[in-house]
Amino acid sequence: MRLLPLRDAIGTYVKDGASVALEGFTHLIPFAAGQEIIRQQRRGLHLIRMTPDLVYDQMIGMGCATRLTFSWGGNPGVGSLHRLRDAVERGWPQPLTLAEFTHAEMAVAYEAGASGLPCGIMRRPVASDLAKVPGATVQELRCPFSGDTLALVPALKPDVTILHAQQIDARGNVLIRGIVGAAKEAAMAATQLLITVEEQVDTLRADMNALILPSWVITAASIVPGGAYPSYAQGYYPRDNAFYLAWDEIARERSSFSAWMDRHVLGVADHAALLRTLGVAA
Amino acid sequence: MRLLPLRDAIGTYVKDGASVALEGFTHLIPFAAGQEIIRQQRRGLHLIRMTPDLVYDQMIGMGCATRLTFSWGGNPGVGSLHRLRDAVERGWPQPLTLAEFTHAEMAVAYEAGASGLPCGIMRRPVASDLAKVPGATVQELRCPFSGDTLALVPALKPDVTILHAQQIDARGNVLIRGIVGAAKEAAMAATQLLITVEEQVDTLRADMNALILPSWVITAASIVPGGAYPSYAQGYYPRDNAFYLAWDEIARERSSFSAWMDRHVLGVADHAALLRTLGVAA
Amino acid sequence: MSAADYTRDEMMTVTAARQLRNGAVCFVGIGLPSAACNLARLTHAPDLVLVYESGTVGVQPVVLPLSIGDSELAETATCIVPLPEIFTHYLQRGRIDVGFLGAAQIDRFGNLNSTVIGDYAHPQVRLPGAGGAPEIAAYAREVLVVMKQTARSFVGQLDFRTSCGYLEGAGARQARRLPGAGPKAVITDYGVLRPDPTTDELELTALYPGVTIDSARAATGWPLRTARTPEVVPPPERRELEVLRDLHARTRAAHTRPIKIEIEVPT
Amino acid sequence: MSAADYTRDEMMTVTAARQLRNGAVCFVGIGLPSAACNLARLTHAPDLVLVYESGTVGVQPVVLPLSIGDSELAETATCIVPLPEIFTHYLQRGRIDVGFLGAAQIDRFGNLNSTVIGDYAHPQVRLPGAGGAPEIAAYAREVLVVMKQTARSFVGQLDFRTSCGYLEGAGARQARRLPGAGPKAVITDYGVLRPDPTTDELELTALYPGVTIDSARAATGWPLRTARTPEVVPPPERRELEVLRDLHARTRAAHTRPIKIEIEVPT
């Protein structure tokens, strides 16, 4: 594990054309890392994430991605991701190829990747047209024991997984507390694992059975307070639901979107400055 | 979830001929439940457990079991399970049919059962003669994505899984803390789930990400302090390693084994009395 | 209580809540399903078990989450499990009694579209997509659908079948041996539709007070069958409305609270 | 330090410990492997990562566990994961550098038997069985075997192949494309055997001080090949012995401490 400024971590480990999974289910979404990728103008990324959320709306709208693997692409509780829609419906700023799964399939795919397997297994394919779309890859299999029809889902093995977490200790072990989503599976599936954390502590304030990623599975970590905003970090700050509601307006039009990104992401040096422009940090 | 005395829980839910998994990996082995099964003279059980440990040595030696599914059958750090050996090598007190796996296979088999799958998936079968023994069931599979040879392991779905845990709260939710082994998977795989606990508390003393089994997945629970002895309960009492060492002598001969079981298991009413005969409890 | 005293949305939420028996294990989606489940929990079904796909099991939120992973859920849950387990150990394992779904389109057999309007490759409207819905539709013992009824959403032909109801009807679902029984009720802003036991076609079986069969038919994109005399759903009780409005008020307050983050940038 | 100052067991443990480079991730079994790994951690390899199959990752025990799941491991671990993850996310995923194995029998190609002596269906001796060994043997980047050398345990023909070494030798393992490289060294109470790079056959490459090639051959059930001039393993250093003996003394004290349990039987 190397402890690096976020700019250097992204600069070193996220290359044009890479497959990149920013995970964290509603909770601990690594916004700061996503916005740093935008600032560094990465191109041709294959973005992977169960719920693209606002962070991928921003990255897609800024032209970082040509491919998206996902299972639910909305603004939770609010509505559409307008930039994602614009890319899919009208190819702006560039076309986006979709590889679309259900949550259950994608969870199995991450778990397979985390387990060093080429595929994972599920019960019979559910009767969905998703099995017929371009990019559909789920295969049927007859169970040799029960005769049941099962499904095989190809493993997800991102080049880089990026997570946000609460704490890193002096030895480089990382604590994730609260809703964990598929963070652990995405972490273990990746070739390289980048972490942003709220703070560095001497010893993790963690239970014996807490979700801790040992330092030696981590490629690099960066200390980025507020790095999940407007998502949240359990024990640090809550989700800014008002921002999620406001995003619907900001992102609806290309012009208002671009203006917001210019001002708050491209126009600032780092995440701390972004939080200040939004009045979230002093 | 029903809260019952252990005698009633075993009497009601563990039937002759049932497949029964007492899990807990070194930690939280449900000895009290196993010994109550012996006291109630269950017969024809299919015992399932990754590491049979002393509890199955006792049950096998007392004639409860005709079948054993397992992946490592020794006295950890000490040597043989003499009663298991006597059953396999010389059919005493009755023959024991083995279904033998590796730890990795058995973990996958439990996970498949917990997931409602008929089988689980692994990488290529390792080059072991275990694939050739009577009762071997692992099947090969060619991965449709990578072309790799994979293995399918049939799911384990015990009729009854029994676990020991630290605490149950007023609503019947159960906390398992420390080394968890395959307890969660064995619990979720079972048709019926019995739990013994160290104590009942109003609210679990548990972290947000603790391993908690919700009351509604539990069939019945019993309060049995010391119920894992001579195994241990993290936060309550340590493993009695001296007893594990002593068991090697006790179980070596049929006569010394039977005398010990008569005195400490059959000759007492319950687990509290057993602990008293051993001088472990006052 | 007269129709002027409550909105159609409220009537719909109250009706959905009433479908839930105490002690049931519900897989809850965001929005109206979440409101309905929590209303039920705070009224007639205190032991309702709410499972959200974020991995939170047995949650008892005081405000409604905007997303399915708000900290409110984590803080009030019996336990938090990794997300994959929600789909394997709970849903696929058959431990969910009731799945709650919404969609952009529904057809007469309760099949649902939440993927695209138009052609998949060149959609007019790209919708959020499947999420957990296809597996909920397949594995939950029974499904409740909650959707506003319009001729554009209750359609003769789905643009895309994301999640299955009764497929082509007349036993087609059973023939596929899907584990769950399928949609038991569709709660709309007009009333309640239930499947005919033989044809599996949705039939209008209940109407809200003051709502006519004709208006419900006009809001349906296929020739809607109706029970000979649809029941009239009793209007919300005072307590139901109070609890629901309190919940929404607390939620609005929580969701507009400004966030402040302390940052100490490392040097 | 002369041979009278230490036992063969100690020499064996010290030699095994010396095989471990600092920072390596080791999958540790109980007994001598555990002693060797912890000796290494307490001497030249403080950043050795010890993983036990009980799900404890990064343990730093002060006493040696008797079982692979003692509370000592849980209390000193970086993290505890469910046991299945040790085999999926760590071992099968290729995250283990060194696997440590023992067995009842080994053959000239480093294949191991820990299942039965005699016929499987009617064994003379039923051994504990596979445990984690077959997957450790297959997936760990490299394997170290630690076994006392006798003509009964170093055999021409295994009664049962539980875990693979180099299979039939001469590249057979590579041809099967097993992920790990196989046994890199077999540490015995006579010295160290290593595989010939071409034939894969184990060859005596090092002897403990005062041990003869002939005595090692007599303790081997096949015609043992030896390096032209086997190295002599340096005897244990004073510090190695001190640390090892302290560890064992603490362990003995811990394992004989009487257990008292408070029971309040519910009424």
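Note that the chains take the letters A, B, C and D in the order they are written out, and that residue 1 is the start of every chain.
Please note the rule applied: contacts are C-beta pairs under 8 Å (C-beta built on N, C-alpha and C of every residue); 3 or more make two chains touch, one makes a residue touch a chain.
All of these numbers come straight from a predicted model, not from anything done at the bench.
K.L.:
With one step meaning two chains touch, work out the least steps from chain C to chain D.
P.N.:
2
K.L.:
With respect to inter-chain C-beta contacts, which pair, B-C or A-C, contains the greater number?
P.N.:
Looking at contacts between chains, A-C has the larger number.
K.L.:
Average the CA atoms of each chain to get its centre, and name the chain whose centre is farthest from that of chain D.
P.N.:
When every chain centre is compared against chain D, the largest gap points to C.
K.L.:
Measuring centre to centre with CA averages, how many angstrom lie between chain A and chain D?
P.N.:
41
K.L.:
Measuring centre to centre with CA averages, how many angstrom lie between chain B and chain D?
P.N.:
Here chain B and chain D have centroids separated by 27 Å.
K.L.:
Check each residue of chain D and list the ones that touch at least two other chains.
P.N.:
Residues 74, 80, 88, 92, 139 of chain D each touch two or more of the other chains.
K.L.:
Could you tell me which residues belong to chain A and also touch two or more other chains?
P.N.:
Within chain A, residues 111, 116-117, 122-123, 178, 180, 184, 208-211, 234 contact more than one other chain.
K.L.:
If I apply the definition of touch given earlier, which pairs of chains qualify?
P.N.:
According to the stated criterion, the contacting chain pairs are A-B, A-C, A-D, B-C, B-D.
K.L.:
Taking the touch rule as given, give the residues of chain D at its contact with chain B in the complex, in rising order.
P.N.:
So the residues of chain D in touch with chain B come to 30-31, 53-56, 65-71, 73-74, 80, 82-84, 87-88, 91-92, 115, 120-121, 123-135, 137-139, 160-164, 167, 173, 176-179, 254-266.
K.L.:
Quick check on the complex: what are the chain A residues that touch chain C?
P.N.:
25-27, 50-51, 70-74, 76-78, 80-81, 84-85, 88-89, 100-104, 107-108, 110-111, 122-124, 126-130, 133-134, 178-182, 184-185, 199-200, 223, 225-226, 229-230, 232, 234, 236-245, 272, 275, 280-282
K.L.:
If you look only at chain A, which of its residues touch chain D in the complex?
P.N.:
Interface residues on the chain A side: 111, 114-117, 171, 173, 184, 188, 208-214, 216-217.
K.L.:
Which part of chain D faces chain A closely enough to touch in the complex?
P.N.:
Its residues touching chain A are 23, 25, 49, 57-58, 74-75, 77-80, 88-89, 92-95, 139.
K.L.:
Taking the complex as given, what residues does chain B use to touch chain A?
P.N.:
Residue list for chain B touching chain A: 112, 116-123, 137, 139, 141, 143-146, 148, 150, 152, 154-155, 177-178, 180, 206-211, 234.
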